[in-house]
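After the structure tokens below, expect a handful of questions from me.
As written, the chains take the letters A, B and C, and residue 1 is the first residue of each chain.
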């Protein structure tokens, strides 16, 4: 059994930003040498998420409008009594999910035709990390 | 360490349909020969999900009514400018989740008394797949 | 490869209660002897969840208010025709998620600075369990 770990770093210019990371994770899987297994991709911060969905700008816009409706910024959240202003970011990332497990089959990410992996930042403009941990057997 | 992979296929007659798949995944785990480990069950399409909850028709109805309220069909989604009409299906599957990891203990799915596994289709009437990948040690 | 399994038990005094379990899971990981791998932490009941977020009472209050808005108790749910009264608990746990995978690196949970693990009970006052299953390589 082999376990391989790497990290991705982000520092977005906007507070909220969705970034495709399929290729970065595929490169880590290739570097791992694992041919059959799984890879965990998980946000290490509690105001960002990781999710699988469509690589289509219109849908990404729809996601962001929808999240603003379900978990609005600017409400009188109790969390803000600590001096924070990002309670909505904690809620939004909860809707999107903060981690995924991707299957590795014959040395590659075993994804369906439209599956793309995204990092979803809801409180950016500072350094954030994602852990990528692959487990499996090598060739 | 052993890794075992299989796939389930679906082609629902209705656009939205929830299908119990606990037995199908249990059979794959049995075929794998793995006695201690985990199994990833993950939708390979971005308008369907996989979730664990109650096998009770009333609750399944409640889930569907609730999802329609949180992520309605028929709104003026930007994704629809591409010719698609299924933006709500992408949102609904995000609420339900698109994958689960189930523990395998003593050769069987290690589930609580009421845990049942479901495939949730939100844009069916065409072929869809779910990947089932088990990892662990055999007997 | 090593696989190590344990269970946590809960019997909350209130119907709804969020309980931090980071230390309990860290202790299980230490007991497992696994130095590189992952650990699955998954609710075995369908009216409770497991999630990663902030250890801050104000935010926990915000989560609970928010869930009550998105998935209210006391509606005329069809599930209640079976005699149950907890349909909202099934929905709330779906929003929060019912399981997480945590990375194990150099023998410890590989968490970001603010990541804390919680058990979220939505229909307590009775015994519930969480399965903790660690996979990986030992030292």
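Just so it is clear, contacts are C-beta pairs under 8 Å (C-beta built on N, C-alpha and C of every residue); 3 or more make two chains touch, one makes a residue touch a chain.
Treat the numbers as computed from the prediction; the structure is a model and nothing was measured.
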- Item | Neighbouring chains shared between chain A and chain B, ordered by label | C
- Between chain C and chain A, is it the same set of residue numbers doing the touching on each side, over half shared, or a different set? different
- Taking each chain's centre as the mean position of its Cα atoms, how many Å separate chain A from chain C? 20
- For chain C, what residues touch not just one other chain but two or more? 1, 70, 95, 97, 101, 135
- chain B residues within the chain A interface of the complex: 1, 3, 5, 40, 42-46, 70-71, 77-82, 87, 90-91, 94-95, 97-99, 101, 129, 131, 133, 135
- Tell me, which parts of chain C touch chain A in their complex? 1, 36-38, 51-54, 56, 58-59, 61-63, 66, 70, 95-97, 100-103, 105, 110-115, 135-137
